[in-house]
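Look for subunit A in each of the two complexes below; its partner is subunit B in the first and subunit C in the second.
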Partner chain A sequence: MHLTCPLWVRRIPKIYRNNDPFYLRNLYLQFSFLFRGRSSRCFRLAEQRVIKAFQHMNAMRAVRKDRFKQLCDERIDAACAQHGIPGKMLVDGLGRMNIQLNRKMLQQLAIYEPYSFKSLTDLVKQYHSELGIVPPNAEPPAPVVTRGLLQSPIVPGNRKYYE
Partner chain B sequence: MQLANFTLLRLLSPISIRCTPAAVINRTLHSSPALLGKKYAKYYFTPKKIFRKEEIYRVPKTQLILPHERLDPLNIPEPSAPTATESGLLEQLASAVNHEQSTSGRPFAIVHLVGKQYKVSEGDLVQLVGKSLLAELGDELVLEKVLALGFTDFTLYGRPILSRDCVTVRATVVEKTLEPPKIRFEFRKRQNFRRMNIHQTNATVLRIGSIEFNKPAVQQAL
Partner chain C sequence: SRQMLPRVFLSQPLQNGVSRYTCQLKRITLKFCKFRPNSLGAREFIENGDFLEFARANPQVACYLKPRRNRPPVLQAEFANGSVQLARIDSFPAEFVRRWFWLMRGRSGDDLLPLHENLRSFHPSVQGVWTPFTFGRSVGLGDLPDSRHRPMSPSATELIQQLHRLQSARMS
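Coming up: the complex of A and B.
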């Protein structure tokens, strides 16, 4: 803002600061710093744009979480498709085996630790083949040593899947 | 119409605090030895409450084990004996575990901490958003809920957690700060309704020190 020296130098007591026009306008102008054109400099235009920007910000809060979930699902789906499995099958199978890894962690493994991710897909394929479910376009898994423990309810939360 | 004070935004810049609030309070009370009670504290310098009420992480009831879901310790199944091919594979695994040396690669661990999971290795920084731990600066923590461990030749997955004997993941509390200010602005058109709310949540930063791997405990499990 371009103000003369006396205005910059003047001291306003704290009681009147809320009612001083400079402060009331600066409240919105400080958020319009990088806007385009006169909306960044003139209060009557900035007020409208800043309020709209705040409304966009509020609306995106719920949408951002959904979009992150969609991204995670896409990445897991793409990584599983390389092994011939749908993404939902992986997440469901790991839940039934009580390996409680997040979707966030599964996508990190898929990106940065491909061999670890392949071992997870092999576990899921073995689990489903023991139940008689074979995905059509999948290669057979690497040999999995289960010793009869893959299907058993090792912890309490899985009991509903086995009854 | 609620408006935020102009000076408020200046003061709410993130400040990294290198001493605990308890130390600051002690200093002020010792300066006025005659008056230690709460009654006269308002006339003397009181530090601003930088940390809001301590947020203790409570496990919600939906995640606790219900009585009808509790395990019978006698009915846990034992692993069956391995076949010839399977025993060959187990020997390969055991040799990989033996030959594992931390100098070759960078091991990672997936850790469950305060309701979230983090993929972690040595020297990482982890920020816990919205939480202020009871641990103070410089305290060393052992992160016990390890969901997975990864090395160059093999990975270990826990169902759901690996046992404490196998792993120790150490971390130190490096910083306890406030996040940058977040703005919540409600506006309803043609109703003269505007509310601005500025809030700052706590944040703690941990530095992961080392991931120690106990070989004999893992070989026993095999």
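Coming up: the complex of A and C.
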């Protein structure tokens, strides 16, 4: 192909930009070195597998969060069921009382600190019984002295009412 | 991917911190250019006295300055386990350079790998890990098969029975 002088100069690859195909293929093979079979050794197979692996990594980020949340929900549900309330009621009740424990911490408490978890369920039962809601299949909780504070918890905004 | 970068558990080299804490950072080198604008933050960090402040506050760390012409600025940290970590501080403000110094001071030199959990404890439970017997024997009671434990999908026997029913309905 006949090119003018300026275009010929531009077509010469730069010294520090490696145009050799080795560099791109090596990049893919670095990611595929633990794959099974020839996909870990041959570029033409590795390219496909590596691209698919990247797609999986991307897709799994959202899925991983969902699955962890599901696991936490399952564990909280199971732990609450032993004390007679549904897991949703616990999470909702704690939120209404301004007790800021997320699902991750609640499931850790349920596993490693079962008595603290029981006291949380007692709190929630007390809160609901003060409102007149009785959870089905629930044992009456240990007496929880609330002094009406569960219904109007001290949050930074309403601290002036308690001074 | 998790094949290349498997998740690890948080750990310290030689259980550092259990009885006595040793600073794992041994040498820190600030490489910068005296003229180029992307080294401005590094130069300001040195001129404001923050570098000397770091060196005096950490006598256990050997601090070096390495002016290099026409190169971007870099922070090189060497640790007790032999690993070397580089932080590119290209065009960073002086405050960011200062923060990188103090961050390297707190590191152990282990590779930055994805973690299973951000916490680790050999005694995670104070009250005792939950068992089915923690609150009396209130779970795991009952006889099997329990009518509440119905699987969502039909079993092989049930499938064959369903097929048989459909087939006999078609035949008749």
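By our rule, the second predicted complex is superposed on the first by the 138 of 163 C-alpha atoms of A that agree within 3 Å, B and C clash if a C-alpha of one lies under 4 Å from a C-alpha of the other, contacts with A are read in each partner's own complex, and residues count from 1 in each chain.
Everything below uses one rule, namely that a residue touches a chain if its C-beta (ideal position, glycine included) is under 8 Å from a C-beta of that chain, and two chains touch if they have at least 3 such contacts.
Keep in mind the model is a prediction, meaning the values are calculated, not measured.
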When the two structures are overlaid on chain A, which partner does A:Leu34 contact: first (subunit B), second (subunit C), both, or neither?
second
Looking at A:Ser152, would you say it contacts subunit B, subunit C, both, or neither? Reply first, second, both or neither.
first
Of the partners subunit B and subunit C, which touch A:Ser116 in the superposed model: first, second, both, neither?
both
More residues of subunit A are touched by which chain, subunit B or subunit C?
B
Check the residue A:Met57 against both partner chains and state whether it touches subunit B (first), subunit C (second), both, or neither.
both
Per the contact definition in the header, classify A:Ala79: touching subunit B only (first), subunit C only (second), both, or neither.
second
Quick check for you: in the superposed arrangement, does A:Pro21 touch first (subunit B), second (subunit C), both or neither?
neither
With the two structures laid over each other on chain A, which partner does A:Pro136 touch: subunit B (first), subunit C (second), both, or neither?
neither
Please identify the positions on subunit A that touch both subunit B and subunit C, taking each partner from its own complex.
54, 57, 112-113, 115-116
The answer for subunit C against subunit A in the complex is residues 1, 3-4, 124-130, 134-135, 138-139
As the complex stands, subunit A meets subunit C at residues 31, 33-35, 53-54, 56-57, 79, 82-83, 110-116, 118
Over in the complex, which subunit B residues touch subunit A? Could you list them?
3-7, 9, 65, 69-71, 76-77, 79-82, 85-86, 89-90, 108, 110, 116-117, 119, 147-148, 150, 155, 157-160, 183-187, 194
Enumerate the contact residues on subunit A facing subunit B in the complex.
17-18, 23-24, 26-27, 30, 51, 54-55, 57-58, 97-102, 104-105, 108-109, 112-113, 115-116, 119-120, 143, 145, 147-149, 152, 154-157, 159
